[in-house]
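In the two assemblies presented below, chain A is common to both, partnered first by chain B and then by chain C.
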Partner chain A sequence: MQRLSRSRSARIASTVAAMLVLVAIILYLGHAKGFGPVQYVQLILDGIRGGSIYALIALGFVVVFNVTGIINFAQGGFVMSGAMLAVSFNQLALPIDPRMKLALAVIFGVVVTTIVGALVERLSIFPARHSPILTLIIITVGVFIFMQGIALLIWGADPYYLPAFTTLALEDHIIRIGGVMIKAQSIWIWATVAVVLVALAFFFERTLLGKALRACSINRRAAELMGINPSRMSLMAFAMAAALGAIGGIVLAPATRPMYDMGLRLGLKGFVAAIMGGMISSPGAVVGGVLLGVLENVGAGVTKAGFKDIFAFIILILILLFRPKGIIGGGERGVEE
Partner chain B sequence: MLLEIRDINTYYGNIHALKGVSLHVDQGEIVAVIGGNGAGKTTLLNTISGVMHSRTGEILFKDQPISRLSPDKVVRVGISQVPERRQVFSTLNVLDNLLLGAYLRHGSVGKDQIRRDLDFVFEIFPILKGRQKQMGGTLSGGEQQMLAVGRGLMAKPELLLLDEPSLGLAPLLVREIFRVAGELREHGTTILLVEQNARAALHLADRGYVMETGEVVLEGRSEELLGDERVQEAYLGAVGS
Partner chain C sequence: MQKDGWRRHQVSIGIGVFAIIIIMLGWIETVQPGGFKFADITGGIVTFDTLVRVGILTIVVVGLNLLMGHAGQISLGQAGFYAIGAYVSAIMTTRAVNRGINVFFPGAVPQDWWWWPWLMILAGMVITGTIAYLIGKPILRLKGHYLAMGTLGVGLIIYILFREGSTFTGAFDGIASVPRLAIGSFEIWPRERYYFLVWAVALTVMWLSLNLVNSRVGRALRAIEGSELAAQTMGVDIEKFKLQVFVLSTVFASIAGSLYAHYQTLVNPAPFGFVGSLDLVIMAALGGLASIWGAPFGVAIIFVIKEVLRTRLHDFLHGAGGEHEIIVFGALLVLIMIFMPKGLSYGVTRAVAWFGEQWLARRGDGEDIESQVGQVA
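Now for the complex of A and B:
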């Protein structure tokens, strides 16, 4: 017991030390660029925006991993599918109010992607459900490549655009507070993430189905003996992950230029965020996502914009080397151990 | 006959875990299956529950074949298992654990019925009532066993399968669990009990089977088995019994 607490305090000390070093480096580099508090706040806010998207995607990874043990690399495909489907729907010449059309496009993207998620589970995972987990993980890689290929066939290699939710145009409304600028789309993103988190918490804490999903992830065999069908739970986990990914892709779309290959980068970032959270913890995934978004954005800010993606993968490598259970850690299975 | 098992053979990969096992359980009985580690007792229960499937042979429940059913279908026909080492949902609270025991019934029966079943579980295990909001994993071993049994009962089974309920419990708690099992029989629940604690199991049960390395080697009324030399020697520790 005492040894445990000592190793724990050592862990905390080393984490704090590492963070201090990191902050010192950032401040030093930022100082060289003449950054003041305003610049940092701006970088952090933009980082939180990107990070919120990673958090949504990471939640998709966590849900599937908890219920099935599979790391679903098709998750990025769902992000892309959501965004591209919404874009296509919004391009239709429908005789309705553009605001209405955009709202329908959002719903269309989420619903169709959810169905795609369910189909992916039924057509690729379910038939192979008795295979080792590694096989299933590789299947999801294949599914991702397949989805990206289909997307290239449908949409070609051109970037598309989805109008900002507030202005319904490419140009977004910008809110200025002090020297800090916040795009209206950022508010949409934060609000969406907040609503999704509340909905998820309600689902897992208050509904029987949510508890059945948790039961399945805590102890699959016992859940089976209660009459909970794990294959149906797996189907639901994939559908939920797809919906989460699609929502992420769609709210982000107006802030980027969606195209067929956007899923790879976002999927991997979501994976990094999930790993940071220990892979099994939903709060961990959210914290991991936001932290990743902030770190990479501040990191890119004080160095070069082109380095942004490098930071995510440096973090991934560091975590897998030193803290493979995640830096936030402790999900339901963790407690059981 | 409530449950009839005819000559089943179950394999773990290449290991022949159940070799031509046949047994039956009548309505209202408590039947004990005793035997040492690796005798195939848990495999037997898991084959009944549909977690594993036998390669040959037949399992009939109320004269309907159930050997090919998936675990949720087996629960649906009225068989619920309290698994070995309790396996409560450690990070869900006691109430949720119990409600999940009734998972398949939430759509088909009313809330008040489930409420009544909860009250019944709290009546036989009063200690759980005060711990409803506590996480399953924070209960003591004995309480977890009570929770596991309560969770199994929430499925309203006609046949309850108990896998080693005495494992790791103090003698007093073992007595308590077995007392409750006896009480359940009074309420009309039929029980198939698998135990290493042969003495306690046979004192409770009406009939018993002795398993060794995947085979039923002996069967009979509990008194007969308790008096049997071979059983005494192998499972009851003949001296001083």
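Now for the complex of A and C:
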């Protein structure tokens, strides 16, 4: 017991030391670039914006992993599909108010992607449900490639644009607070993430279906014995993950230029965020997503924009090696499975 | 398990037959009997160039077979190690020499330093192996999909480093005018000569791997694939074996990368990203994850599909071109994993065995077929 607590305090001390070193390096590099507090706040705020999207995508990973044990690489495909479908709908020449059209486009993107998610489960995961998990994971990779190929066929390799929700134009309204700039779209993103989180909490805590899903993730066999159909739950999980991914893709779309290959990067980042949160914890996924967004944005800010993705993967490997249960603990199934 | 009769020489015979096919194809292209080129056999769809590329990637995929099929350790970052081999060769035979980083000779490589690129292939192997050893030591502690993600991360980090390496790695443009290989004044070019070099290496790698699989190491790896815990209990040093096979597979990838650099004479980051790693896994899965013999066929099938789609796809889909083959790849990967998780070669072997069984049954001496099916598979 004594030894255990000492090793634990040693671990905390080393973690704190590592963080201090990291902060010192960031401050040094930032100093070399002449960064002041304003720049840091700006980097962090932008990081939180990207991170909120990662959090939404990570939630999709967590839902599927909890219920089926599969890491669903097609998640990035759902993100792309949501954004691209909304863009296409919004481009239609409909005789309605543009605000109304945008709202319909959002709903269209989410609904169709949800159906796509359900189809993916029925057509690829369900027929192979007795295969080893690794086979199922490779299948989801295949699904992702397939989706990306279809998207390339439909939309080509050009970047598209979705108007900002506030101004309904390419140029977004920018709020300035003491030198820090916040795009109105960022506020939309934060609000969306908050609403989705509340809705998810309500769904899992208060509805029968949500409780069934939770039961399935706690103990699949026991849930089955209680009359919960695991195959239906798996279908539900994929549909939910698709909806979450689509929402993330759509609210992000006005802040970037959506194109057919946007899914890979976002999907991988969402996965890293889910791993940071321990892979089974929804709050963990949200914390992981926001933290990842901030870390990579600050890291890229003080070094080089092209290195942005590298930070995510370095974090991924460090987490896998040193905190396989996630940064806030409580996760499972990493090294010791 | 002592095998009797010709089965004892199965590996040598197989490699021999394979080598004869390779030599025949090369002979057709070199001599062109009656103006008949290799491309004519396939109606111009599969060119000789494809055969060389199949040979290069076979080397990588055989390594992946050992790692994934035999040791049960997935790698989604193999293209990264392939890239290290390619870039070491490319940088050391062009830039490093021209910039005087090399202490032996400032300026360009002298004419009689033909062995320098060969030495750099070896250097690439050593560098890749060392990096793989240092990375593999911690990362191979991970299991299942966590290992998949770890290796994916490693592959992408290597890719991004090459992509962002500004003037040293040439960033997006990469490194051009990598010299051809030569022995003395005998240049290994035109393409036919390079073809024989590539396939000689590929066959050697396959032969080594087949022997490895049938050795004590191979049995240890299969034990690890079955159950790491059980293998450990039986006294197999699983960490050592996993690390060794990981390093070996990356060294194979590095050789292939160097050969690619000297073949293409241009190295840029494009083929080494996530999609590159995925292509390799698809090829390995198609040929059969645990089948060394399946490797060249898996690679060849993917290449043929690519070529056919590139030349024919626009007939079916208006305006299609470029990377649309990924639709077919994705669907193919899903279908193989659902219906033939052991790969095409296994499926075909079973089909052949089944037909053989039918035939024997008709002749009335269908005994002993089960053991034969087991042996062939």
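Keep in mind that, in the parts below, the second predicted complex is superposed on the first by the 322 of 337 C-alpha atoms of A that agree within 3 Å, B and C clash if a C-alpha of one lies under 4 Å from a C-alpha of the other, contacts with A are read in each partner's own complex, and residues count from 1 in each chain.
Going forward, contacts are C-beta pairs under 8 Å (C-beta built on N, C-alpha and C of every residue); 3 or more make two chains touch, one makes a residue touch a chain.
Computed from a prediction, not measured in an experiment: that's the story for all the values here.
A.B. asks: With the two structures laid over each other on chain A, which partner does A:Phe202 touch: chain B (first), chain C (second), both, or neither?
C.D. replies: Neither: A:Phe202 stays clear of chain B and chain C.
A.B. asks: Scan A:Lys304 for contacts with chain B and chain C and give back first, second, both or neither.
C.D. replies: Only chain C is touched by A:Lys304; chain B is not.
A.B. asks: For A:Ala128 in the superposed arrangement: first (chain B), second (chain C), both or neither?
C.D. replies: A:Ala128 sits against chain C, while chain B stays out of touch.
A.B. asks: Once the two complexes are aligned on chain A, which partner has more residues of chain A within touching range, chain B or chain C?
C.D. replies: More residues of chain A are touched by C.
A.B. asks: Of the two partner chains, chain B (first) and chain C (second), which one does A:Leu316 touch, if any: first, second, both, or neither?
C.D. replies: Second partner only, chain C.
A.B. asks: Is A:Gln148 in contact with chain B, with chain C, with both, or with neither (first, second, both, neither)?
C.D. replies: second
A.B. asks: List the residues of chain A that touch chain B in one complex and chain C in the other.
C.D. replies: 335
A.B. asks: Using the touch rule from the top, collect the residues of chain A that touch chain C in their complex.
C.D. replies: 71, 124, 127-128, 131, 133-139, 141-150, 152-153, 157, 264, 268, 271, 275, 304, 306-307, 309-310, 313-314, 316-317, 320-321, 324, 334-335, 337
A.B. asks: Quick one: which bits of chain A touch chain B in the complex? Just the residue numbers, please.
C.D. replies: Residues 208, 211-212, 214-215, 218-219, 221-229, 332, 335-336 of chain A touch chain B in their complex.
A.B. asks: In their shared complex, at which residues does chain C touch chain A?
C.D. replies: Residue list for chain C touching chain A: 74, 138-139, 141-146, 148-150, 152-154, 156-157, 160-161, 163-164, 274-275, 278, 281-282, 285, 317, 320, 322-334, 337-338, 341.
A.B. asks: Which residues of chain B touch chain A in the complex?
C.D. replies: Touching chain A from chain B are residues 49, 51, 70-72, 75-76, 80-81, 83, 87-92, 96, 99-101, 103-104, 106, 137, 151, 155.
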